[in-house]
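First subunit A sits with subunit B, and in the next complex the same chain sits with subunit C.
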Partner chain A sequence: MSKHYDAVIVGGGVIGALTAKILSEGGKSVLILEAGIEGAMKPSNYQKYLRTLYTEGGVRGMPNGPYPWNSAAPSPAIPSAPTVRGEDDPYFVFDTPKHFMSDYLRMLGGTTLHWQGTSLRLVPNDFRMKSVYQKGIDWPISYDDLEPAYRRAEYELGVSADVEDQIFFGVWFPKGYVFPMHGLPQSRVDHYFKAALKKQSVRLHGGQYPLKVIPIPVARNSTPNPKYGIYAGYDPVSMVSNRDRGLRCQGNSSCMPLCPVQAKYSALKTLNELENSSQVEVRTQCVATRLILDEATNKIAFVEYNRYQNPDSPRHTVEMAKGTLIVLAANAIENATLLLASGSSPKGLANSSDQVGRNLMDHPYLYTWGYSSKRVYPFRGPDTTSGVESLRDGKFRKVHASFRASLSNWGWSSEPGHQLSSLLQEKTYGKQLRKTLAENMARMVKIGFMFEQLPSQKNRVTISPDYKDAMGNYRPVFSYHYDSYSLAGAEAAVNKVWKKISECAKIEDHTDYPDPAPSGYQRVSFNGKSYNIMGSGHIVGTHRMGRNKKHSVTDRNMKTWDHPNLYVVGAGNQVTIGTANPTLTAAALAIRAAEAMLRELQ
Partner chain B sequence: MDKDRRTFLELSSELTGYSPIDLEGTGLVDEYRKLVEYEVGKNVTDLLYQTARSVLDKKSGEERDRTMHINIMASAILWPICQNLVVLWYRGQWSSMSSIWYKYYARVSPPSKVAPGKTFVPSTQSYTQQLCYKAAGAHPPGANPTGFGTWGLDPVFGDFAKHNRKRQ
Partner chain C sequence: MSSKKSNLKSEIRELHKLLQDALEVEHATIPPYFTAWLSIKEGHNHESKEIIRSVLLEEMLHLTLAANLLNAIDGKPNLTHPDFVPRYPHILPHSGGHFEINIEKFSQSALKVFLQIERPEAKKALPEAEGFDTIGQFYAYVKEKLDKLCDEHGEQKVFCGDINLQIRPEDYYGSGSVVVVTNRNTAHDAIETIVEQGEGAHEGIFDKDHNIFGPGDGKELAHYYRFMEIHLGRHFKKGDTPRSGPHGSPLKVYFDEVYPLSMNMHKSDYPKGSEKRKALEKFSSGYNELLVALEEAFNGHRSGLTEAIARMFSLRNQALSLIQTPLGKGKGTLGLDFTSPTG
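Right after this comes the complex of A and B.
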């Protein structure tokens, strides 16, 4: 039996890295167990993944695309088009035809390797949906409770934004607060919509709502704000392997699946800071398989894990890690399956509430698109720099989902290829082809709408002895659907909001939802209309926090109700999903949890 | 200059609307020529270059266009190759000719390393030099970035640059 740590953390992504940072700053010893390989942390690998991005022709539709397959610790291959209980996805198993279509990456650094970087805070009403709108349930904490942790998260992730743009729906900042860096410049696309939608509004369920285009906060390096902090501003964090690169976004237009210069935050940056710390040990290629309970104290005695040498082979040795505190930080799905796989009861551990794995939420996502009336020159810059954020809250939430509309800077993505084919079909070639293609590309606009989902007992991840990976570990099994609350939001977005936007901005609408839906999309019908919807990769809610142990898995500090030394941390603690991309909130929750752990360890 | 190389370059130029100098600037002329010649085989290559010359040697654009329609676009052997060639330059991807093309039109068997109908990116440079982005004043995702904040300005290179420079 090896060393005893103050904390053993399962998962080397943003949640694990931030928890380790805070605990080690408090002088505590930490072991991080990462299921995946060291991968992107090594500069030569990172370069190799960039080459894969090129040789695979962009692999844009596939966030995990450039990263190598690991059969010892598999990741989902979304978006493939899986069938019910089908084997089309090498990792996910689906129990229902409405699939959960979001992925994550099991590698050191986790899914922050290919996240978009959007770092919006939740709005205060997201924390009290039940009391304000009689939907979902309330959180045990409020926006005010989480506000200090949001600030720390904005520091750790390096968020670029200007405070004056971000004050809406009761979101507040302490007097004099500024973000670490100024907001990124808005794109030509943003300016186009901003001008077209000025003073425009839309009617939703008896209320009139403005269509305000607002720059979004992002964890992507911009110009440091000299007013940040008490002394002299903020030092942007460079690429992990090269201190001269990534200090500012240079417009690689590839936040997903890979930023070539790491101008965007990834957990590699936090882990890199900890590399020389004697307090933190990181072990990669260690898949946690079970938590072992000490029946006498009801504490977790050990984390059992499989250590492997070769990602292509299931061969491994079984080892144990021991800590005063055990912290699961492996994302909402892996945290839930690990709890379900532990203990001797079929309910698993930390599950007296029967809520582990339930209330799984994501942002159902759909696109609308068309040609702008003037050239806006997309296919340049970060994938999105602004959104219509004025529909994220309102009385209509009593009836349907709120949503945000993200303006795409990447045109219709892979569409230039389709356009080229159809021009050639029409026998257009030479100068005419060049001109037509350039002109069309310069006017391609696309909006991505993402909707909130309500927590539901029926949307869940579970495990089954019938479905195990090559190493013999449980694969996640999903039951998941979109309810009418979300779909009514989608209906309002397409038929009211997009309609209004395209009228005001004089868009030549090309939105079309073909049947069957393209790979990665789910075809959904609602009130006689059909939409093709996909996932957002915003995996939330499987181990929610709460006021009492009957309805929740953890308390407000993310400690499990059932086991006095077990914390389960991440977006899985979110009680509702709201309309903010969840990484910043998850990071803030991790900071809050780590501070509670420190108090407990003192 | 090698006569066939000249024909390949001029044909590429006629088809893509980019000047031979622009295409040379990508550094891909020889790689692409080799690829196409390998994929379609010697006999079809000869036919392609011979026919291409009949188009390219015409003096006026109007005549070249007419001959292009008659001699190349009407050919079930040559037009599919030319379409692929345009996609290769614009998107940096090559889709190998179909089995039907090999069997019934070209009447040759596919070369040993070719999987008919399969799409691939010949090299990392093919990806980074895609003409479609160049035309739109943009760049391929993940390569040749345009610099901090440039996305907020009109493009200063590509086909709209002249127009935009004039405006500024």
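Right after this comes the complex of A and C.
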């Protein structure tokens, strides 16, 4: 029989890497099973993916754009994937309509290989939606409970921000706390809106809310704050295997999905730290297929996994991994489908609550755009450096979703194609074309609104014997829709907030939601108006934590109620989604869980 | 060592001069390394390009460390006097005067000069006041002088500069950490970083146990050996010594995948008012404005470094378009002139 580990972790993304780091610091032995390939961890591959991004225009704007198709461990929305007749995606299976439009990446490093880097904390009321607003349900933990783990997460991800900008809606920091690095400079776009919206406010359901533009915290290297002292100072972490690159954000306006210098955090950095650890073993190309239960103890005895040599072929060998603790850290969708695929009952394992796969949430995302009244010179810096964060909480949450408005530094889209093609249709050529483009592009502004969703039993990922991948593993099947709570938020965002912003900032509005919706968008009608909405890639809720085993999958430390040695960790533990991009919260949850695991293993 | 106590003022004055020389020596390597680095086309010679870039960045660190050393003893770093940017070909001061440095494209002959620049300190070479053979000897002399003054007059009297002028780790990034120089120990750290990154730890040239690695995590070769890898087309591997030479995996070098820029180009090569002259002048003004910004940063305006870095990015783009400008069939492309607009 193979080696017995203190913990077997399924998933080599940010959650798995942080869990492994904390357990190994505590002297515990860890095995990470990663379904995908080593991929971007290898510097030459990272450069190859960058080249793909730069040279193959079609993959731009797609989070998984530069990554290769892997038939043994498929990811959704891979542009080079084979097309299957009658199916939207060779991996995801949708009911109709196809509302679920988010994705993730199965590769060592996980979805941090295409994330934006925005690292906002949730606000305290996000944890108590039921008691404050009679919506959703309350978490078993509060902001105060998670606060120390947020700080550690800000250290591990390397977050840049200034504390004084981030104190709102009851978000607090201990006295004297500073972020590891100072905030990134705000862009000209940010300053334009900041000036225009100074002292402006908007009325939502009887309350008056300021439209305050503030810099957002990001996991991107900036100037280290010399006052940072909690973890003995902060040294920005460079590119993997090149200590001279990535120590500061260079403002390359191409960092989605891949930062050219790795100034943006990815789990590769944490995994790289663990490379020389004798405590941590990472096995790539190992797809966990089932958890095997020891009926006598109700513990998970083994993780069964398929090890493959060639991503183009389903050929594999079946192997087992054994650990005192088993930790699922494979993201909200894969954690859920793995639990559903395990055990002998159709409900799967860890599912006595019947909540596994349910309460699937994302941030429905809506753009508005136009021309500013003076030049703001977009296409510089990371895609966003500021947002309107003053609508993330308020009494209106009794009626509709809260939301945040993210200011785009990259004009109307990541490419000028939109504008260029319409000018060419008007037969504008030569100098006139250049002049018009320069004039228009320098004034392009766009705002992305993201809305909270309420947990719903009907929004879920499940599995079906009818849908399996090439290796014979279950594909995720989605049943998902937007409810009126979110859509009423969208209505308020477009008709009240965007209206007010565009008035104050003298925006020439070009917002237009064509029918049919372009690829990647879902057309949704509400109160007689239609919107083209997309997903945010913020996948949460499928194995939520809770106060009791009847309504939740895990306890407050992310240990499953049903199996005494099984933890399920990640954004799937979130009870509500709030309006923070979820990676920082998921990282904080992983840190909290890993600390509980360490206590248990002592 | 003289038994008579030296005159602190005049000794410090000599050290100011020596460290100003250090600034100029460190700077003089930047235009040639920058040019060779930039001349390598993207996508080819990726490894060689990274190697030269890593050395170039360390020279920028050395320039900053020299400024910190000078500020620590109350000197005044000057990056803008008329001769600060030499006219190339240039003979590096304190290098024995045996070779000329050129502004030229990446090539074997450029590499041979780079190897000369970074040549390790000869075994047991004594520091000399004049005619140093290597930069290592030069710094050894500076270090010995500093030590002597500290012994005679006390560290506080020697390191009397304004601490606020020191460039700090939060101001500077890349190629290892900048050292804030406030006393004898930190001065030693700064000097050792410069010498060891350049030549490796000095156990003696080509000794069996000479350390080919610089400071830090032990993975980084000293400059001399990094250039040697490209020159010989092979990596060093663990266990290799200077005598054994590199026995690691081959390093492929394509000397023709390079922009054929003109060597040691000067604005006066073209008539006043011509397009080419204007382009060369624009770059040289930009470069000299960068030096002004750096001088200000080294003289109290530390936050100005951030702006200086933005200038570096824009100069890189400008330089790239120059060396991509063809001069006609078989005549290569435009070169780079770093001298002051009036120089």
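By our rule, the second predicted complex is superposed on the first by the 585 of 602 C-alpha atoms of A that agree within 3 Å, B and C clash if a C-alpha of one lies under 4 Å from a C-alpha of the other, contacts with A are read in each partner's own complex, and residues count from 1 in each chain.
Assume contacts are C-beta pairs under 8 Å (C-beta built on N, C-alpha and C of every residue); 3 or more make two chains touch, one makes a residue touch a chain.
Keep in mind that what you see is a predicted model, and the values were worked out from it rather than measured.
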Touching partner for A:Pro236 - first (subunit B), second (subunit C), both, neither: second
Subunit B versus subunit C as contact partner of A:Leu424, first or second or both or neither: first
First, second, both or neither for A:Tyr54, with subunit B first and subunit C second: first
Partner chain(s) touched by A:Gly520 [first = subunit B, second = subunit C, both, neither]: neither
Touching partner for A:Pro90 - first (subunit B), second (subunit C), both, neither: neither
Partner chain in contact with A:Pro311 - subunit B first, subunit C second, else both or neither: neither
Partner chain in contact with A:Asn225 - subunit B first, subunit C second, else both or neither: second
Dominant contact partner of subunit A by residue count, subunit C or subunit B: B
Touched partner set for A:Arg248, first subunit B, second subunit C, both or neither: both
On subunit A, positions contacted by subunit B and by subunit C: 51, 248, 250
Complex interface listing, subunit C residues touching subunit A: 43, 46, 50, 53-54, 57, 168-171, 173-176, 216-217, 220, 306, 309, 313
Subunit B - residues contacting subunit A, complex: 14-18, 68-69, 73, 82-83, 86-87, 90-93, 119, 121, 123-124, 127-128, 131-133, 135-143, 145-155, 158-160
Subunit A residues touching subunit C - in the complex, by the definition given at the top: 47, 51, 223-226, 236, 242-244, 247-248, 250
Residue numbers on subunit A that touch subunit B, as the complex places them: 50-51, 53-58, 60, 184-188, 190-191, 222, 248-254, 258, 260, 375, 377-382, 385, 409-410, 416-417, 420-421, 424, 427, 429-435, 437-438, 441-442
